[in-house]
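Next, two complexes with subunit A in common: one pairs it with subunit B, the other with subunit C.
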Partner chain A sequence: MKADTGKTGITEAGSRNRKKRELRILAFMFGIWCIAAVFLLLYGDQVYSPGTVLRVLLGEEIRGAGYAVWTIRLPRVLVGTLAGFSFGIAGNTFQKILRNALASPDVMGITSGASAAAVFAMMVLGLSGLIVSFMALAGGVTVAAVILLISQQKEFSVNKMILTGIGIQAMLQAVINFIILKTSDYNIADALRWLSGSLNGVRMRDLSLFGFIVILCTAVILAYERELQILGLGEELPVTLGVNVKGSRRFLIYSAVILCAGTTAVTGPLSSVAFMSGHLAGRILKTGGTGTVHAGLIGALLVLISEAVGQFAFSTRYPVGVITGIIGAPYLICLLAGLNRKNG
Partner chain B sequence: MEKGFTSLDHELKAEHLKAGYDKTVIIEDMSLVIPDHKITVIIGSNGCGKSTLLKTFARLIPPMGGKVLLDGKEYAAMPSRKLAQIIGLLPQSPLVPEGIKVSDLIARGRYPYQEVFRGMTKEDYAAVDEAMDMMGVAEFADRNVDELSGGQRQRVWIAMALAQETDILFLDEPTTYLDITYQVEILDLLTDLNRKKKTTIVMVLHDINLSARYADYLFALRKGKLAAQGTPDEIVCRELIQDVFRLDSYVTRDPVSDSPFIVPMGKYHSGVRGKKNASRGIP
Partner chain C sequence: MERKQQTALFITVSMLMLAVSIPLSFMIGARDIPPGELMDVLLGKGGDTLCLPILQKRVIRTVLGLITGSALGISGCLMQSVTRNPIADPSILGVNTGASFFVVLGIAFAGIHTTAQYIWFALFGASVTALLVFGIASFSPGKGAVSYNVDPIRLALSGAAVSTAFSSLISTVMLPRTNVMQVFRFWQTGSIGSGTWSGILMVLPFLMAGMILSLVLIPSLNVLALGDDIALGLGVKVTRTRALGAMAGVLLCGATTAVAGPIGFVGLMVPHLVQVFCGNDLKAKIPLSALNGAALLLLSDIAGRIAGRPGELEVGIVTAFLGAPVFVMIVRKARVGK
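Entry: the complex of A and B
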């Protein structure tokens, strides 16, 4: 009989408790997101009262406020949220599959691939609009495919994959710099967006296709949630537990790549968001779960808060990508120091 | 009545197996049958192909030639998850996801039984509870795996393999890195598993004496070939140790289990035995 130890039900109780805790954390993060979003809607060149913003959102036409909210602030909040969410999930997925905090698409050159393709399309080919976004997406996917191809020679190796990615990242960064320097008569402000990332100039019409891509890829990643968990156990157990390793790894990686490259096409690279979100999510959750949605929300928070800081904290306005980059660099150093301590 | 599952009968064998990595052939033309519901240990010196053999049987590497047959069928012809309900593996050094709790890690062994978007079922929870009970890790259920000692952690991994409820379980050096106390503990627990669940256990071990004590059956490998097979009593002798390990030894009986016991001879200290035995009247 099952009652012989008094220990039965312990697994279910434990996992239910942890699930509840995960949900509480999620609710808390959502709370902070709401505050950040409301702040970014109210504040700007002009400060509007919550009532005014609410009336505008409900469709009332108010001179000045209507334009500021619908054309500038709301798209900024929504695109910023989607971008952070998408980078967060993409980074987290990479880190979980490859079991390494450094293995994030921004460290491994996938965002650079998208950026380089976009810069090339705009400045060398003179293109603009949707085709640029499409080329950015293609650039990201191409880099991912090249990295996968190289790292799958002989036996698949995570370290080989990360190092290949870092190499490609450095190379592409040089390409981006080269193109921008060579075509410096072009609008530098626009070009800088592809270097660091910015929410300036995003519009409501950017949302529908972008939102669709983010939702679709997130759904695929969530459907592979259990495989993502098992892939964290090493190279051997996933095989003997019956996971289709190659297939699920490919689905997960390409979904993350499309998220990442697609977002880069809209906002630019927003450096370090992908890399920080997954790691932070793991630190906060401490359950060994995948924390996909948590990482997404943390990404969204990072972007909105950095945007607020970039807009209002200094006398000059900085694009959000500069702020996330400034936060990301010391974060990376601390992480590396921590890793060294663990290994040493 | 024993609760939970009992292992089903299977026939697992290799026929003219050729195996290795990339283009390096390590095992050539090996045929053997894994004894069902028994504890089998594969012994041999480093590089003899014992790990390769284990990995081929655990389907981590495909055969380069010949066949591995489970109930007459090759692995490639069977659905992956179905196979994962029959054959399990505990690798030599699996990775612990950061911050994972003991019961959550063990629950990952339930993967072959789960469906997309459907959480753990009652059966899944029951299987994890039972596995934790059997391996004596229930008291750690909600602790972090990285906080546990080596021996406790190894019990957690075996519990995970147990939660997978496979009929056959392969273990790649499950006692390496462990203190002697935990080596014996792990081998006892595996024997429990074999006796209670009838699970077929196949493992690679380094310690010949513990192998001879705990194994029902031995495969001794030398340079990618099967040097001998049989029960420890049938095959463990001075000639075999010489042949397989290139080691001169003295074979006696284990005073505890009465299984064959190997005392290695080296360059030094070998005079003592002769003198002592002579003084005790042992030839």
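Entry: the complex of A and C
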């Protein structure tokens, strides 16, 4: 910990130390993830022993346990992990590029775009399955494109972009409320549950395509890691350092948008995960790295832990998005208060 | 001279819009009443037996539209001038979500179901949220002092933060209770279609109080626009003026929300529109915002009735679609910190 303070940060030894520290943190987080995942596999309506779960996972047929683990718990853990991971990375990428902790896709209305499109597809057009996911993805990407297009002025202003996003989000919220108003009584509970973000009802077969998208976009973002780091330095410096600002910014933003919208299509909008993970990763690392993987892991942790809390802590079962929203709101408020201090 | 002409023209046009929109609002709907028939019914010469009850409904609706529109227009004008912020609007600042949350609490735990009961919860929710949002935006822990010149982006972000918080809380309360969901979703999209005379009478005192207060405050607020120091030098009680102005604004939008549900963006669009033609003097801006707010809301409602046939689009969704592009334009022009 001490190694990265002061001058050591720029020497070779300092850099090595920093790398080591980053790896240590990564390992630690992975450890917590394992605990959370195992907990979610063992507990539920029925508690199974680790041995039983292990035997089931290895392919043994056990009545009851087999169904619970393969159809309910394992998809939940895997999809939850992927969702958190991708929200975390998306949030982190946005925050790094736009150099503003508040500029995450959920604050800027991209998740709302995906939600509005999905709810429209489900409730108004009566669609279901894969096509809904594609519409959600398209909705998120469209909103992002509109925001980028609108905020493309002579000088790129992050703040105007955020404000535009907030305005569009207010409009999309009205659209969502309206669709809910017109929905039949029968579907309303489903719609609201989906809108608050939930891992209930995810299936193993959702996993392959979702996983593919997440891995692909993550790979792109990791490939652009250097540009991401340099873009975080400011408006002018990247040009000096030979980075194609506009091009790489667009590439990174759209990858993050696809991550975010694609995840929203599967789980619904898990409120606040994106912006919390990126910021937390920066806080924990304290170094100049982009912290992409860290943010992703923190996101996964947040989702799994919130899922456990939502499932077991209260007398009613709450979908995971409600819990993350409740954690996220005070976090955002503290962040704002802290930012005020910095900016005077 | 030119300005005066422009202003006069603008006033004439707004009056005309309002004058046209009222009879249109009587005529257009799921079942149109043609002008001839409308005259017959109004003059008591009979006409279709169905027309009378339909017309009664539409009169209530029109009156409600006029009242809420003008209240929202003034409310937006006040909020923008008190916070010195071009994007202040109940929907952007999360005030609507706050009011919604308290109404949900009321529906879930106190079993409220009439306008008279909604109003207290909505008003309380709106005031708490307004205080909270403005407090968060202007609070700087190190300094202790609260500054009133809040950056638009900070204000909008704290609005977004508080909005997120309240939406999560709304879900928490609502998800386990299907019956609350059923009541609430009809309230959540702003509409003037389900008003009653008793509901209107219930909120009228609050709206009157807000409007009178805003008229009384015009001279002080005008001076306040010159800057706090100058206002202080000219003998204006800065803090008191601000607090009263904010109170009037919250009163107006809270009462409107109670009777019609959250209707966004009207308070944002109207003062900007007025400002383009009549400048920044609140003596003209506040009354004209009221006038244009009423016209805008009524026309949006009529548009929703036409667009949503055979049913209707609630006015809240129409104003959202009109308002978002206007908001974006305002943001583009606004001077925002880096």
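Assorted remarks:
Simple rule for what comes next: the second predicted complex is superposed on the first by the 330 of 344 C-alpha atoms of A that agree within 3 Å, B and C clash if a C-alpha of one lies under 4 Å from a C-alpha of the other, contacts with A are read in each partner's own complex, and residues count from 1 in each chain.
Here is the rule we use: contacts are C-beta pairs under 8 Å (C-beta built on N, C-alpha and C of every residue); 3 or more make two chains touch, one makes a residue touch a chain.
The model shown is predicted, which means the values in this text are computed figures rather than measured ones.
Per the definitions stated earlier, placing subunit B and subunit C onto a shared subunit A by superposition produces no clash, and the two fit side by side. Between subunit B and subunit C, C touches the greater number of residues of subunit A. With both structures placed on the common chain, the touch criterion links A:R18 to subunit B but leaves subunit C unconnected. Once the two complexes are laid over each other on the shared chain, residue contacts for A:Q169 go to subunit C alone; subunit B is not touched.
In the superposition on chain A, A:T240 makes contact with subunit B only, while subunit C stays out of contact range.
Legend: residue contacts after superposition of the two complexes on their common chain; A:V107 is shown touching subunit C, with no touch to subunit B. Looking at the shared chain after the overlay, A:M204 reaches neither subunit B nor subunit C. In the superposed model, A:I230 makes contact with subunit B only, not with subunit C.
With subunit A as vertex, the superposed Cα centres of subunit B and subunit C define an angle of 90 degrees, given in steps of 10.
Of the two partner chains placed by the overlay, only subunit C lies in contact with A:Y318; subunit B stays clear of it.
Nearest C-alpha atoms belonging to subunit B and subunit C sit 12 Å apart in the superposition, given in whole angstrom.
When the two complexes are superposed on chain A, none of the residues of subunit A touches both subunit B and subunit C. Interface residues of subunit B facing subunit A in the complex, by the touch rule stated above, are 3, 21-22, 58-60, 80-85, 87-89, 91, 93-101, 103-109, 111-112, 114, 116-117, 120, 125-126, 128-129, 132-133, 138, 141-142, 144-145, 164.
The residues of subunit A lying in touch with subunit B in their complex are 1-2, 5, 7-12, 14-15, 17-18, 99, 154-155, 223, 226, 229-230, 232-234, 236-237, 239-244, 282, 285-289. Interface residues of subunit A facing subunit C in the complex, by the touch rule stated above, are 102, 106-107, 150, 153, 157-160, 162-164, 166-171, 174-175, 177-178, 180-181, 185, 188-189, 192-193, 195-196, 271-272, 316, 318-319, 321-322, 325-326, 328-330, 332-333, 336-341, 343-344.
Across the complex, subunit A is touched by residues 87, 91-92, 136-143, 151-154, 156-162, 164-165, 167-169, 171-172, 174-176, 178, 181-182, 185-186, 188-189, 264-265, 313-314, 316-317, 320-321, 323-324, 327-328, 331-332, 334, 336-338 of subunit C.
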